[in-house]
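Labels run A, B, C, D and E following the written order; every chain starts at residue 1.
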Amino acid sequence: QDNVTLTIATVNNGDMIRMQQMTAPFTEANPNIQLEWVTLEENILRERVTTDIATSGGQYDVLTIGTYEVPIWAAQDWLTPLDDLPESYNVDDLVPAVRAALSVNDTLYAAPFYAESAMVMYRTDLAEAAGVTIPDNPTWTDITAAAKAMTDKENEVYGICLRGKPGWGENMAFLTAMANSYGARWFDMEWAPQFDSPEWQATLTDYLTLMNEYGPPGASSNGFNENLSLFQQGKCGMWIDATVAASFVTDPEDSTVADSVGFAQFPNKEGVDNHGNWLWAWNLAIPASSQKQDAAKTFVAWATSQEYTNMVAEAEGWRAAPPGTRTSLYENPEYQAEAPFAAMTLESINAADTQKSSVQDIPYTGGQFVAIPEFQGIGTAVGQTFSAALAGQMSAEDALAAAQSSTAREMARAGYPK
Amino acid sequence: MGRITLEAVTKRFGDVEVIPPLNLDINDGEFVVFVGPSGCGKSTLLRLIAGLEDTSGGRILIDGKDATDTPPAKRGLAMVFQSYALYPHMSVRKNIAFPMRMAGVPQDEQDRRITAAAKALNLTDYLDRKPGQLSGGQRQRVAIGRAIVREPAAFLFDEPLSNLDAALRVGMRLEISELHNRLKTTMIYVTHDQVEAMTMADKIVVLRAGNIEQVGSPMELYRAPRNLFVAGFIGSPKMNLIDGAAAAEYGAHTIGIRPEHIAVSPDHGKWRGRVGVSEHLGSDTFFYVEDTGLADTITVRAGGNIDLHHGDTVWLTPDDAQMHRFDATGARVA
Amino acid sequence: MGRITLEAVTKRFGDVEVIPPLNLDINDGEFVVFVGPSGCGKSTLLRLIAGLEDTSGGRILIDGKDATDTPPAKRGLAMVFQSYALYPHMSVRKNIAFPMRMAGVPQDEQDRRITAAAKALNLTDYLDRKPGQLSGGQRQRVAIGRAIVREPAAFLFDEPLSNLDAALRVGMRLEISELHNRLKTTMIYVTHDQVEAMTMADKIVVLRAGNIEQVGSPMELYRAPRNLFVAGFIGSPKMNLIDGAAAAEYGAHTIGIRPEHIAVSPDHGKWRGRVGVSEHLGSDTFFYVEDTGLADTITVRAGGNIDLHHGDTVWLTPDDAQMHRFDATGARVA
Amino acid sequence: MARAVSTRTKVGYTIAAWIVALVIFFPILYTIITSLKTEQEAISGFNLIPSFTLSSFEAVQTQNNYWKPFTNSVILAVGSTILALIVAIPAAWAMAFSPTKHTKDILMWMLSTKMMPAVAVLVPIYLIFLRTGLMDTRIGLTVMLMLINLPIVVWMLYTYFREIPGEILEAARMDGATLKDEILYVLTPMAVPGIASTMLLNVILAWNEAFWTIQLTTTNAAPLSAFIASFSSPQGLFWAKLSAASVMAIAPILIMGWFSQKQLVRGLTFGAVK
Amino acid sequence: MATRQTASLARLMRAPAIILLLIWMIVPLGMTLYYSFLNYNLLNPASVSWAGWFNYQYFYTDPAFFDAIWNTLALVLGVLAITVIGGIAIALLIDKPIFGQGIVRILIISPFFVMPPVAALIWKNMIMHPSYGVFADIARAIGVQPVDWFAQYPLTSIIIIVAWQWLPFATLILLTALQSLDGEQMEAAEMDGAGAVSRFIHLTLPHMARAITVVVLIQTIFLLGIYAEILVTTNGGPGNASTNLTYLIYRAARLNFDIGGAAAGGIIAVILANIVAFFLMRAVGKNLD
């Protein structure tokens, strides 16, 4: 067999970087395959990779992409279908919700590396001290009450930390999920934006109230990282965010509050049966333009295999295993023992329905996003507007009106309804 | 070896004709000085000869061969610039060697010529310095050294001394004259300083607006300027030029009389005036005499010991034998 | 109004004493010239008087008042710099007005003085130009204009003409002399050009290494230089200085004789030599006579009509009455 | 104004200048300090004394081998600078010493090409790079950086050359120098301070270019700008690591800048002074 | 230097630079112009169609467009004001005799060597961060509520960051200009009775006019293209508060992958930049002779 060099584009998060360092068994098993890594920050990665794949550039053999891109790109025939993975890969072990999100017409187009939903993380000690309890299936009313009770600004303890930093994958991920749980939807069946709906109004108003009254200062620039850090330092009573955060906040090395974290499902509004439908996964996919399909497939299968998970667990402990992708992991008692959040994580992921994220009728798929190409732009623009509202630069009504008109404009330009 | 002939050479910059058709013969070994007021085209003419400018018309012959279209380096001429134009990053030695290096002269021959030139120009001790570490006069000598080693058919100098101070200028003037005496190479020298012109030239070419006003030896020009322009230009201090009745008396439209040809007396003479500024140079005194009714001031040169003061009345008597007469067009009346 | 007295003024730059204790009296209305070779401290002395440098010791009195610690603007002196130091972005008018504007002179008074100064200096037509559009001489006049309007107690000039070419220099020299005649204001003028010193000064101060070598009128210095340094410095061309036997004959260690005090003859005289370079200026001729056995070259000034050529043998006879004698220390022997 | 400056005044100026200098330098200083902290120290409030651990540097190095992008940065910055000089020196010579009516317009036009927003032409350029096989090659990127900075280089050189008296070049021509000799032996050495500072500036600009270098590279030609992009927003606030990576990215150029500061200052006249 | 031979040589020597830049300008610009008339979204490469002026109209009617123009102007002018005034002040200061001048200069010049994304990261995380930034630490130390810079003063924050990067450049150029000021002129003014302030206003400032124009010209060229600092810090927000024209185009091109729209924006930006350039060049061209 000829020697091949695979160029792999990855995002610079901890799991991906760990993978780079753990490829020795793979290269030993496949001496003819060399691996070249391109590690980039998420947004730059997305730009780079999109440009390349859209121009059939063929610069990469393996891409790290999110659940957002997979269906869109697959529809463009930019991705190689992964329908012929080896038996040992055990496709059926994949968590069903994740597998569904990565399939188009039941064909898998990307292999999940890790997956996450969203849930509530809270400080059991603070809750106790404040005399509130947070049920496993909280409602927003519960959350508001708990936030109020736990807030102690004097001591820099804020009841709730939520994303405020603008971006379709930042504040809009949270707000879309929150809106879903409020019964709102992005578009009606004619693709008309729905920011003028009472559901969205309730969502945004409540979000702003929570953040303004019980949130940390400067929340409009807090994203996942900032909130993580705040929580780890004990400044947040609750934090509603991606499930992966659970392993960080319970990690005694980095977190000052590791032993007093409780978990709960993503809240919902009373009477709305919807817990946000947040589902995200980082996946490995192979561009159709790659010249090295076979080698790439070999690598993708290896990197997302059970075997790899075990290897990580062996080297760094079970907590470090890439979560969310395989049912078998959650059935593993060792993992359950080391990861107190395992059950809640799996529950959250399984609860996420990306095919129908709103209780109303919708023409789109996607959980905390809308799986259309235009969403990145639209979501970010709306995110900016909402972030401005959070920063106090405009009112909730104005923000919604601005979001409504800019979204309508973009959708018209993109030629919707198609 | 250094005969240069200009045949109907003209030069235009855009629409402006700076040099109208001009003929000039420069003989081998001659020291020719171009003088004239600023902007009259001296530098342009020199640069045409050097080949640094294209002619707009006419021919330039060097030793009888048409060199009009020969590039500067091939004309066998060396030029010394007003700004010295030394290569500041090269040592004196390298500066002098540069033209030989370009011509591919063998190293030992280069060394020989550099040593000789340095000796002749008193530069031996400075050969390893950079131009920046030299005085103005030394720099000028390096520039000359660079020209000498090429053993050119002719040297071209464009106001080489005008950046030097008065004392140095006198010294360098002498050195260049001595050099010419020794080398006997044709030299063309541009200046607007008429003292330089007088003291150095075998032949002076007086230019005005690109036209040759007069060509001749310094003494010819001093003694018989062909027109008012030359008369006014040659000689220092300037010739006194007098119009009107006093001139008519001599049958001329204008008469000219040099300061050294006027006698001064406190009590008798031909013209009366009042002493303005006087300059005592020790050996000589120059009086600027006002209110004579002849011209604004009449300059008079007297010996060092005459004792007249500002405001004194004096009498002046011109030496009629040295009187120059010009007609209404400014041309000399024989 | 413009009496300046220096009492034991000294100046050190770091460890170097540039001016050793120095006393000097400048009378009101006098035109005093500081001359001396480069680096002798002329500029430093002038700048001490102006207040642009602090004294290291001694006192400076202006009109009898101690001004040693007065800032420059308050001393009532005006200075004209070698580089003109005009403000390049201001028109001539604004340049001249600047000191008055700073002093808060009312506008109409400013206009009056500008008009007067411009008229006196022939600048009326250029008042609205920028300095960049003026010739060197015009710029110098603007600088003087700027000084005049302040009606200062004294003018200080630091080599104001050294950036001008020879012809212009003569003109400006006269203008400054005329200005002094008209204003009768004290002027202190620094130059290293001894012709300027001779022609302009009421009193020359010859400096060497910060020391005053001689103070006196130009003719005093010309006729009786107090030492070899002054003898060599004053007079152009330089005095011929002769050591050895020829000097011993006159009972001196060194004798000095000026070029104009030597008679030339083709066939008889006291000293024999060979003509080197000769410079014909029309009115005069300078011969540089070599191989006399007395000094390297002896410079001789002769009339305009003498006909000697390079290499000719000549005989020279000094005018004994004009002979200067110096002892071994270089001091003049009475 | 050579009047003695009293030590008191000098001390006053010194204090003021040092305060200003330290304030301006502070962000960089603090980054260096942070890079020597542990992650916990890094986010635990203001602290100027780190624990001097090199662990962040080690972590950065294991995550992403520093030497390859470093080598690429050096090659790109130096290569594009040399290329630019090769093209710009003759052009600047021509403009300075044989100006035409349009010389100034041409210069201004050149500068105006720099005002084109890079993002607007990304897709065309990307396609061109793909089709010509220049994508992710050092040579392609070197040419790219050269083109981006060429206008500035031409302009700077032009201003330096204009200050060189034409007479010297004429003298060389009289001395028998060909055009090549003239540029090689006379003009270039004379313009050394100017050329040096042009080079320095160009190296800095090329080193710090962070759009094209990221968009047009993947692995082979990726320089330090891409290296930084792989640290800029990791999960969690790894400020010590981010600082370490930043320090590694800017240190070479910073040190070069410090050592060549005199040259840079001397040359940065842009014909603007005098 | 004016012989026909040198003139034709000169043409030859100019040619490579001009041709290269011409290609560099015309090819992408031509393609951009072409794209600007297409409905072309990178994510939908199959459905490319002719759009006529639609992209322009769309870009122009974008509510963010005028904000972006205003922000661009504010950014450029703000940075120019800070760097020129600050540069003059610092140049005056470090031109004075001080102890350790060399080190002071090195410190001051340093920000110029920092690549823009790194500069933005440093400022964002270490200096202006509302909880961990040094500014916040200072605010807390003096007992006031820390400012959330990027939320409350987004454009100002970016101006500060960019100005910090360009201050050294301005300082250096202004310093060289300052040092070339003729000492005799200053002395003349002193003799003329001008105090330090008058001398600064009447001599120093006019003398530096040329250097200032150069600073303005060069910086404007770079400042019009600022986007990395925005991308790293505020992403153009909140709202459009810190979106400049370049970033707006960036958004279209890189976030929406709207090639047609970005191209139209690019063409509009080129036209606007050239209008700015035209006036700038007029001013500078005059000042550079």
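Heads up, the rule we're going with is that a contact is a pair of C-beta atoms (placed from the backbone, for glycine too) under 8 Å apart; a residue touches a chain by one contact, two chains touch by 3 or more.
Computed from a predicted structure; not experimentally measured.
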Farthest CA centroid from chain B: chain A
If you tally C-beta contacts per chain pair, the winner is D-E
Chain C to chain D, mean C-alpha position gap in Å, rounds to 53
So, in whole Å, the Cα centroid of chain C is separated from that of chain E by 55
When centres are defined as mean Cα positions, the distance from chain A to chain E in whole Å is 37
Residues in chain A with touches to at least two other chains are numbered 43, 47, 51, 55, 226, 229
Listed in rising order, chain C residues that touch 2 or more other chains are 52
Residues of chain D that touch two or more other chains sit at 1, 43, 122-123, 127, 170, 229, 232, 237
Counting only contacts in the complex, chain A reaches chain E at residues 43, 47, 50-51, 54-55, 72, 76, 166-167, 216-218, 220-221, 226, 229-230, 373-374, 376-377, 380, 383-385, 387-388, 390-394, 402, 405-406, 409-410, 413-414
Note: in the complex, chain C contacts chain E through residues 50, 52, 71-73, 77-79, 81-83, 85-90, 98-99, 102-103, 143, 146, 150
So, in the complex, the side of chain E touching chain A is made of residues 41-46, 58, 62-63, 129-132, 145-146, 148, 150-152, 231, 234-241, 251-252, 254-258, 261
Interface with chain C, chain E side, in the complex: residues 182, 184-185, 187-195, 198, 202-203, 206-207, 209
Residue set of chain D touching chain E in the complex reads 1, 5, 10-11, 13-14, 16-18, 20-22, 24-28, 30-31, 34, 43, 45-46, 87-88, 90-91, 93-95, 97-98, 100, 104, 106, 108, 110-125, 127-128, 147, 150-152, 154, 159, 166, 169-170, 179, 204, 207-211, 224-225, 228-229, 232, 237, 239, 242-243, 246, 249-250, 253-254, 256-258, 261, 264-266, 268-274
